[in-house]
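Chains: A, B, C and D, in written order; residue numbering restarts at 1 for each.
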Amino acid sequence: MSEPAADTDPEAADSPVEQAAQRTPSGLPLRVDGLRKEFGGITAVDGVSFEVESGSLTGLIGPNGAGKSTTFNCITGVHEPTAGDVYLNGEAITGLAPYEIAQRGLVRTFQIARELPEMTVLENLMLAPKNQQGESALRSVLPGLRGGVVDQEEQLRERAWETLEFFEIDHLATEYAGSLSGGQRKLLEMARALMTDPEVVLLDEPLAGVNPTLEEKLLDRVDDLRAEGYTFLLVEHDMDVIMHHCEHIIVMHQGQVLAEGGAEEIRTNDRVIEAYLGDDL
Amino acid sequence: MESIELLSPAALREHPGLAVVAAIGLLLCVDLLAKLAGLQVGPLGGSLSVARLGSNLWNGLVIGLVIGLAGIGLSMTYSILNFANFSHGDLVSTGAFTGWGVAFVVAAAGSQPLGALVTVRDAGDVTPGAIGAHVLSTPGAIVVGLLAAFAITAVVSLAIDRAFYKPMRDRGGIALLITSVGVALVVRYLIQFAYGADRRGITASVDGDTLATPLGVSVTAHQLTIAVAAIGLMVAMHYTLQRTKLGTAMRAMADNKDLALITGIPAERVVAATWILGGGLAGASGYLYVLLRGTIQFDFGWSLLLLIFAAVILGGIGSIYGAIAGGLVIGLVFTTSTVWISSDFNAAAAFAVMILVLLLRPEGLFGGVSTA
Amino acid sequence: MNGDSADVGTDADPNESAGATARTDHTLDDEAMLRIRGLDAGYGDLQILTDVDLDVADGEYVTIVGPNGAGKSTVMKTVFGLTTYMDGTIEFDGEAIEATPPEEIIHEGIGFVPQTDNVFPGLSVEENLEMGAYILDSVPQDRLEAVYDRFPILRERRDQKAGNLSGGQRQMVAMGRTLMLDPDLLLLDEPSAGLAPDLVDDMFDRIDRINESGTAILMVEQNAKEALRRCDRGYVLVDGENRYTDRGETLLGDEQVRQDFLGG
Amino acid sequence: MSDATAPDDTMVDREPDSALAAVLAAAKRSDLGLVVLTLGLIYLGATLLTFTDGLNSVVGLLRTLTFLGLVYALSTLALNLHWGYTGLFNIGVAGFMAIGVYTMGIVVRSPDPAFGPPGFGLPLPVGIVAGMAMASLFGLIAALPALRLRADYFAIVTLGLSEIIRLTLQSSTFDTALRETLGVGTGGGRGMGMPQNPVRGLFLVDGRAGDPTALGAAVFGTLGEGGLGISNNILIGWGYILVLAVFVVAFYVLLERLGRSPFGRTLKAIREDELVADSLGKNVDLIKIKVFMIGCALMGLAGILWFGSQGNVSPSPQFEPILTFYIFVAVIIGGSGSNTGSVLGGIVFAAVLFEGPRRVGAVLRDTIDAPTPPTFGDAVAAADPVGLLAYATDNIAPLQFVLLGLVLIFIMHRRPDGLLGDRIETAAAVDLTRREGGERDE
């Protein structure tokens, strides 16, 4: 977010794309290989493999119970997969703790926004960045070392303000996060996720409960950020959004990948239609 | 069934901590057998008479029954109202004082000043022996006292619920827990205000108190009374929960509150029943505890609370059968731990067992299905 | 109504499918037993339903279909007072019930089978059924027998804990429990969810028979094809709004429905 | 100004109605002002209660109230780090305080068993550091396995641990075992004498009464028995209060700095939602262990400063769980999460709820001219309200705890944020309402 784009026109974001292309490693940002997760004999995810291209917005869809959430949780470290691997920029992150995965550059948002209600919006954002000097208890207390902490805090505050402006919620900066509306919380969550400087952002139904105006704004932001080189994996039930915004769609059904491809491919895929309308395949 | 699975090889592989505990338990059992046989193998063994072990076990059983009885109520409030009730120990005291007040009145009304009797206090030079509170000399008074302990504590519990907990039904377990600490203070110190702070003797000693001595273990009339009363109350409780409509509704609500709601089960009535039964049993157990110990003090229930918690956690919070089983285990740990360690540590040993269970198997030893 | 669904299909005016995007004559406005008008509801400050209208007539079999997250279950939970009601009216037999607390809805003659956690796992099958009749003074033995006749497997398992039953049997316990009061209207939230494929048909057959015995059904289903094939009338809910209603068979053949499910 | 009643109600910032209101308003704006104002009100009340007994009584009561207020403030601050900031429901505070003070005693006491339980005979500062380290170590032992437990289970584990600590310290078997292995003892149920308070040494040579140092002579001569007539011991007590006040300020500064830093921000995040903190790359378990150990070390120090200055410590009744609950009540009164609230909560709890009622009761009792009935039964049986009142005022201690319980219930019902209300402090090392980068040009 070095260049917070006040201008939402995607055309204007050409140069950040180039910048992003340079800093993105050649490997795929996210690759899932043969992922399998069982819960006491029930197989929720059954050998799922897919890849997420750099700078893409990839959609992960499927009817209820298809195994999307379990896949999501296996990638982010909430569940340890029974088998299979997850690679972030070519490095295996399978079975790591959520915080370790987040520190390596994969950050998530939650389906029901999990703001930190008794912290202000700015505090929420300033929590996120990695490797803050002041996260050491000693540094934040000792007189000689605290100076560095304060300097870094000033930089973080500036970045947090810029991020809030980018999401157009800077007028809420000093409000308690708990007092925000549902849609504002969604924006806050995405802003907070970006403050960690992620490579890959996993969005879990970012548009649930968001009104159309805000929905538009959120999607614009995602487009801007993709142009800057961020990679997104999106679980969403709003088909319009999936079909219009994702260049690549992965359809899951009964724990497996049913189909993969572009919007038109998916829309006309009989197997997908059947899965959604509920006939046995 | 669950406890057998608990010790299966697979379960032990998955929980190394549990395996260590099982190994230590096994070692202690081997040691106990060696001690009984009078063998000494290295650090193991020694000597222990069957009579001493028997008396440890019998005493543990009796204390365990009392703790288990108290634990039923704690477990019920935990599963139906969703909070750890820190005032439960003081309900135990409430039952003890009010019940014994009634027992004293029945035993000695007319011959002693009423005020002294109601406040469970020997007046002047009259000793508890003169009041004659003993199941062999005044059986009627002892039984009436037990019933009064149950009834009065049930009413007090219900009143406390209406005054303090009902306005907080929609709040979280921690807020209720903290409130219950406040309630505990109110109840305990009202007891002190009314009954005084001193520890005093209650029961009389009579000849022929020891009824039998199987294997050299002396069984007293009061121990037997406690065992009969506690088991009787537990059976009655079991019957209420399993065979009555309200009891079934209580179990339903402990299982799934939302479903109970849409099934039309009136939540407030079930809550009231929970307090009446849980509070009543707590009061009865306090009364029986005094019968066992022979003395009373305003804060004895509070000091029992952690043992009661230990029993409930051991059995799996929410299960009344677990609470009873947990009470027995805690009682046995309490008394038989003295085979190995100083009696200074018997309460500490019980707490340590509780902490171990929380760390290794927080759902409790006996399943942990949250069914009352 | 399963038996005559084919007739409905052939009887239907072929022109009607074209009118599926508008609200059709099949809406039974004033005579409806359950009338929902302009309903807004959600959870906390999160609004899920916007201006939902819905009717169920006496003895009718109605399903709500729609893509994930459309708010289908929310409609049912709102009828039972389990969500945050925001605006609109819910009437049952002409009586406004939107302010009625959840534990009293059952007195109106409505039963509700939630999608998950719909049995008391620690209670026996029989106790589960008896709880269904809690609001009566005593358990009506004839109703109990009727439920057992409807689901014979439950009679066999009457003393087993419901928590030890299979998914399909639990679903039967849950339905049986609501049938203990012989409700006028039964709300079913995804009764086929989590069932093995061979049990799904069996479950739908049972629901058909419950409807044939006179109980109106309002059902939310993920399995849209099967649900629409069997019901009298279907509603398509998208994004918390009901897009249209029509005969189930009609909707089933509608291209627009397909698009709604997969995005246009 | 004060009587210029503004008819215009639309004025947002109306003038205070009275001078008192103005002072209150000013005090509310400043944390230090609020503390000073509270202390002032408490002093005023205490003075009114005892001024007829003479200066010595007044100063003595103020000393007691201030001492208790400050030691409670110390303990409350430490617990606030656990409960208020991080949401760790630690109800084993008494145990950690006992570990601190007992370790200090054992390290510092003379090795000669002739003077009671022997110790290592090391200097006092070593003992204090060892006490904090040991409390912290016990915190680690408790935290390592227990941090993943639900809050209520965690609470029960810490309470159980604190009882195990108390019962162990009380055990004569443990005492004997220590003497046989390390050559030191705990004194079992009788407890142990505490090393001499160095503050006493400032006033008296070797702490011996009647042998004042130069400073002692000067103070005693002017204020003490040679001057205004205040007892020398009370004056020494005030000397120690100055030390305590320094520690309260030090705790406050330390915890404010911890709280107003990225570290404190992580603590708050853990309190609000652990999964979010985890998902943002924070090592939640490690941070919880750290903060638990820091808090326990501070509890150990608070235990040393409090009970270590009291001559003798014994496991019961000093370190029974009720002590933990007193401290909890103080945190809740002040409003968990606020350090200023903790200081105020500690002071208000100690002076108003803990010490106040019994003083008021004693004064009231003196005004009643009737014998106290020996028991509640007698008091009720006599059906004489004066007798009942006499009984009540003579038995004010239990009533004060009843009041305490009612206050706690009241706060949980009506003011769950504490009596001071919402005083959540911002966790950042810089002022978040300001922005250095200036306005952005759009």
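Everything that follows uses one rule, which is that a residue touches a chain if its C-beta (ideal position, glycine included) is under 8 Å from a C-beta of that chain, and two chains touch if they have at least 3 such contacts.
These figures come from a predicted structure and were not determined experimentally.
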Minimum number of chain-to-chain touching steps separating subunit C from subunit D: 2
Where subunit B and subunit D are represented by their mean Cα positions, the distance between them in whole Å: 34
Distance between the centres, which are taken as Cα means, of subunit B and subunit A, whole angstrom: 52
Subunit A-subunit D separation of Cα centroids, rounded to whole Å: 46
Between subunit A and subunit C, centroid-to-centroid distance (C-alpha), Å: 36
Category of the chain touch graph - line, ring, star, complete, other: ring
Chains touching one another, given as label pairs in label order: A-C, A-D, B-C, B-D
Touching residues (chain side subunit C, partner subunit A) in the complex: 42, 44-48, 67-70, 190, 193-194, 197, 221-227, 239, 258, 260-264
Subunit A - residues contacting subunit D, complex: 6, 76, 78, 97-100, 102-103, 107-108, 110, 114, 116-120, 122-123, 126-128, 130, 132-137, 140-141, 146, 149-150, 153-154, 157-158, 161, 165, 173-174, 192-193, 196
Contact footprint of subunit B on subunit D as seen in their complex: 89, 145-146, 149-153, 155-157, 159-161, 163-164, 167-168, 170-174, 325, 328, 332, 375-378, 380-381, 392, 395, 397-402, 404-409, 412-413, 416
Residue ranges of subunit C in contact with subunit B within the complex: 80, 82, 102-107, 112, 114, 117-123, 127, 130-132, 134-135, 163, 177
Subunit D-touching residues of subunit B, taken from the complex the two chains share: 83-84, 113-116, 118-119, 121, 164, 167-168, 173-175, 177-179, 181-190, 192-197, 306, 309-310, 313, 341-342, 344-345, 347-348, 351-352, 354-355, 358-359, 362
